[in-house]
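These are the structures, in structure tokens.
There are two complexes below, and they share chain A, which is joined by chain B in the first and by chain C in the second.
Let's look at the complex of A and B:
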């Protein structure tokens, strides 16, 4: 199964690279958002209860990363839906490969793309004066959390694609992604959010994911937020992959 | 053992539409079986069931000796599939897709490149192999699709309307390849809405209409079922039509002459009878202006069985037999 998964992942990555209009929004949109936030909200770092940071960019990098990873999930979903619409999915299903390999191939690609997204935003941050306090270990932890989260968000996109079977429906989840992100601590500390956003953020796994991505940037590695972030990424991935497999089974059963 | 054995196969969709309503057919190893029918007749639904993409809701089918419903993985290992509207990833090059397909079929990594090269060359795409599929013409895509379906030398090849929408040259190239596959002993299940395609390529033809097989046999046998070939004769100058009819009546039963002809006569031996007919008429002093041998087509068979024409004619044909 491994050669098949690798071959399908390679195809998905090649497809991404040859379709820059799908890849570009993953970094351009969060970068613009990051620029606007950093430009207009820098003084908020002085608010009581705001974590001790060298600059607002350091704090906001994790938000941009989380947003980018979520968009990666939308992109994976759209690519999957296009594969179904175009009939290539049928070709894969008619091949003598384990069905799970079809899901895994694309998710492996999503994870690798997520790694690139992480490195892009860390490099961007460093270029504009951010520091990564956690050092090399911090970078590796951010990469790990990001790549696992990439699998999870990719699996959500894929599950929606398998149910919806068309790209426009998957595209329609984009606004929902933003809403879920804004009721988390991705862009603002949870303690400074007002009700009911603070309560929602407490139960929003994206809060823990963003905090886990943020901690190695703004401080030396503190294991609690990192492990919580890792747990959130793994939890999202396990649940989403389960949904994706169920959606695949449902699709094949309904066929 | 038949390469494809179908018994009472049915498919009813959730909407209640019964696309396939209990069909039986058997395709022998090495045979090219033409599955002929108009759009919406149930051809593609049948193929999708046989290649394990769609679950039958009734009946059973085996392909290469394995049940499509209970042993789909074994079926998939033994079949090649080129579905309608060549489903290819337009962002990939022809070679990349061939190599991916080889990996999907478990061809060892060391053999992948050679096998891809061989088939790319066989379908005449060597020059275009490094180009993205999005730049290919319709005919090139179909040829690549066929090459991909052959990557693992399948026992049974399913071609779903492989030439629909293609120009005559591309169609001819694909026909040649199907003939070559037949010569190599590959079993081919070919769906088509083109009469000529079924006539040219198929050893046997199954005609499907409204989810049921309405006729099955060799093209020649099916055509013989609906009548003999006939000669339509028109004369440059014919002062004695009854004498002409008497002479032609010796060759077979006279039929009502169609518009533009003076006499029409059924001829059991077809083209073999043309020379004797011309000789007799010439000796009797008749000057033939035109003489046309009209042979029954598979469309006549379809019309005979369903009361409709397969393609082209909008008006209903004769009532079903």
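Let's look at the complex of A and C:
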């Protein structure tokens, strides 16, 4: 099964590289949003209750990362839907390979793309004056959480694609991505969110994911937020992969 | 659409062919606008995200950054009132981009080529496509306005609201011209992110979240030269204070300039496409 997973992952990566216009929005939109947030709201770090940070950019990097990873999930979903629309998925199903490998191949590629996204935003932050207080260990932890989350978000996109079977429906979940992101602490400290977002954010796994990504940037590594972020990423991935496998079974039953 | 020429009485009454020609061209524009509006009712799934997105953005921003109005220098306005006009401008941006994407789809499917074979002036076809954006943007704007009133944003007054609507429709036309230029250049729906990016940059690289004095230096410099800043100030004035001619005319001028600029690009793009 491993060679099949690797081959499918390589195919997905090559496909991404050949159509960079699909990858570019994953970093361009979060980068622009990051620029606008930092440029417009930099004075909010002086508000009472705001954690001690060197600058608003340091705080916002985790928000941009989370947003980018979520968009990566949408992109994975669209790629899967295009494979279904184009008939490639049906040819894969008809071939003598484990069906779970079809799911895993695309998710491995999503995880690698997530790693690139993480490195891009960390490099961007460093270039514009952010500091990663957690050092090399911090970078590795951010990379780990990001790549696991990439699997989870990719699996959600894939599950939706397997159910919807067309790319435009997957594209339509974009507003939902914004909603989930806004009711988390990805962009602002949880204690400073307005009601009811502050209450919802406590139960939103994205809050823990973003806080886990943020901690190594704004402070030396504190294990509680990092482990919570890791647990959120693993939890999202396990549940989403389960949904993806169920969607695959449903699709095979229909076919 | 009738292709019968004007009667002798019409020619006499209207002073020649010009008014009859104008009427026929107007019929083409109306037909194209109706076609675009029909999409809303016949393919609602495609338009729902564009209708919801500005409202989600405003409510989300208010929930997340609501405490920003506590920053010294922000003024007496609450944050959600301050960002609702940004949502209106985003509605104009989303609609403009959607117009470009729809045109790219029509090009991909060959429908636009058939349209260009019609005996209608090409600028009329362009006008129809752009006018549809001006009208379609009223849907997300109305939805956001209703939600804004529900969550406690003050009514801006009839005069202020009409000025805001005029500016938003004008801006949607300008963004549509920009997106149409890209659609005619790339001829594929894959150019959609480029279309959305233009309006995103135009709308958010302004005093969108806080007054200009509180922006970081580089963003303040960008906002100062960005003409959409004037449009935002013109739309926002009646929500945060009194409507004044001093803040209205620069906004009208900015919208007119943007329409002329991007309209010229779109017209050139159409000429090149057709040739």
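The definition used in the following text is that the second predicted complex is superposed on the first by the 255 of 255 C-alpha atoms of A that agree within 3 Å, B and C clash if a C-alpha of one lies under 4 Å from a C-alpha of the other, contacts with A are read in each partner's own complex, and residues count from 1 in each chain.
The rule is simple: a residue touches a chain if its C-beta (ideal position, glycine included) is under 8 Å from a C-beta of that chain, and two chains touch if they have at least 3 such contacts.
The shown structure was predicted, so the numbers you read here are calculated from the model rather than taken from an experiment.
**Q** With the two complexes superposed on chain A, say which partner A:121 touches: chain B (first), chain C (second), both, or neither.
**A** So A:121 meets neither chain B nor chain C here.
**Q** Touching A:197 in the superposition: chain B (first), chain C (second), both, neither?
**A** In the superposition, A:197 touches chain C alone.
**Q** Just checking: does A:95 make contact with chain B only, chain C only, both, or neither of them? Give me first, second, both or neither.
**A** first
**Q** Once the shared chain is lined up, is A:11 touching chain B (first), chain C (second), both, or neither of them?
**A** Only chain B; A:11 stays clear of chain C.
**Q** After lining up the shared chain so the two structures overlap, which partner does A:208 touch, if you call chain B first and chain C second: first, second, both or neither?
**A** Touch partners of A:208: none, neither chain B nor chain C.
**Q** What is the contact status of A:36 with respect to chain B (first) and chain C (second): first, second, both, or neither?
**A** Only chain C; A:36 stays clear of chain B.
**Q** Tell me which of chain B and chain C touches more residues of chain A.
**A** The partner that reaches more residues of chain A in the superposed model: C.
**Q** On chain A, what residues does chain B touch that chain C touches as well?
**A** Dual-contact residues (chain A): 19.
**Q** Spell out the residues on chain C that touch chain A in their complex, using ranges where they run on.
**A** Going by the criterion above, the answer is residues 45-46, 48-49, 52-53, 56-57, 59-68, 70-71, 73, 190-191, 193, 197, 200-201, 204-205, 207-210, 214-216, 218-219.
**Q** Under the definition above, what is the set of chain B residues touching chain A in their complex?
**A** It comes out as residues 14, 51-55, 73, 76-77, 79, 81, 83, 85, 87-92, 96, 99-101, 103-106, 109, 132, 148.
**Q** In the complex of these two chains, what residues of chain A are touching chain C?
**A** Those residues of chain A that touch chain C are 19, 21-22, 24-25, 28-29, 32-33, 35-44, 46-47, 168-169, 171-172, 174-175, 178-179, 181-183, 187-188, 192-194, 196-197.
**Q** Taking the touch rule as given, give the residues of chain A at its contact with chain B in the complex, in rising order.
**A** 3-4, 7-8, 11, 14-15, 18-19, 83, 86-88, 90-97, 253-255
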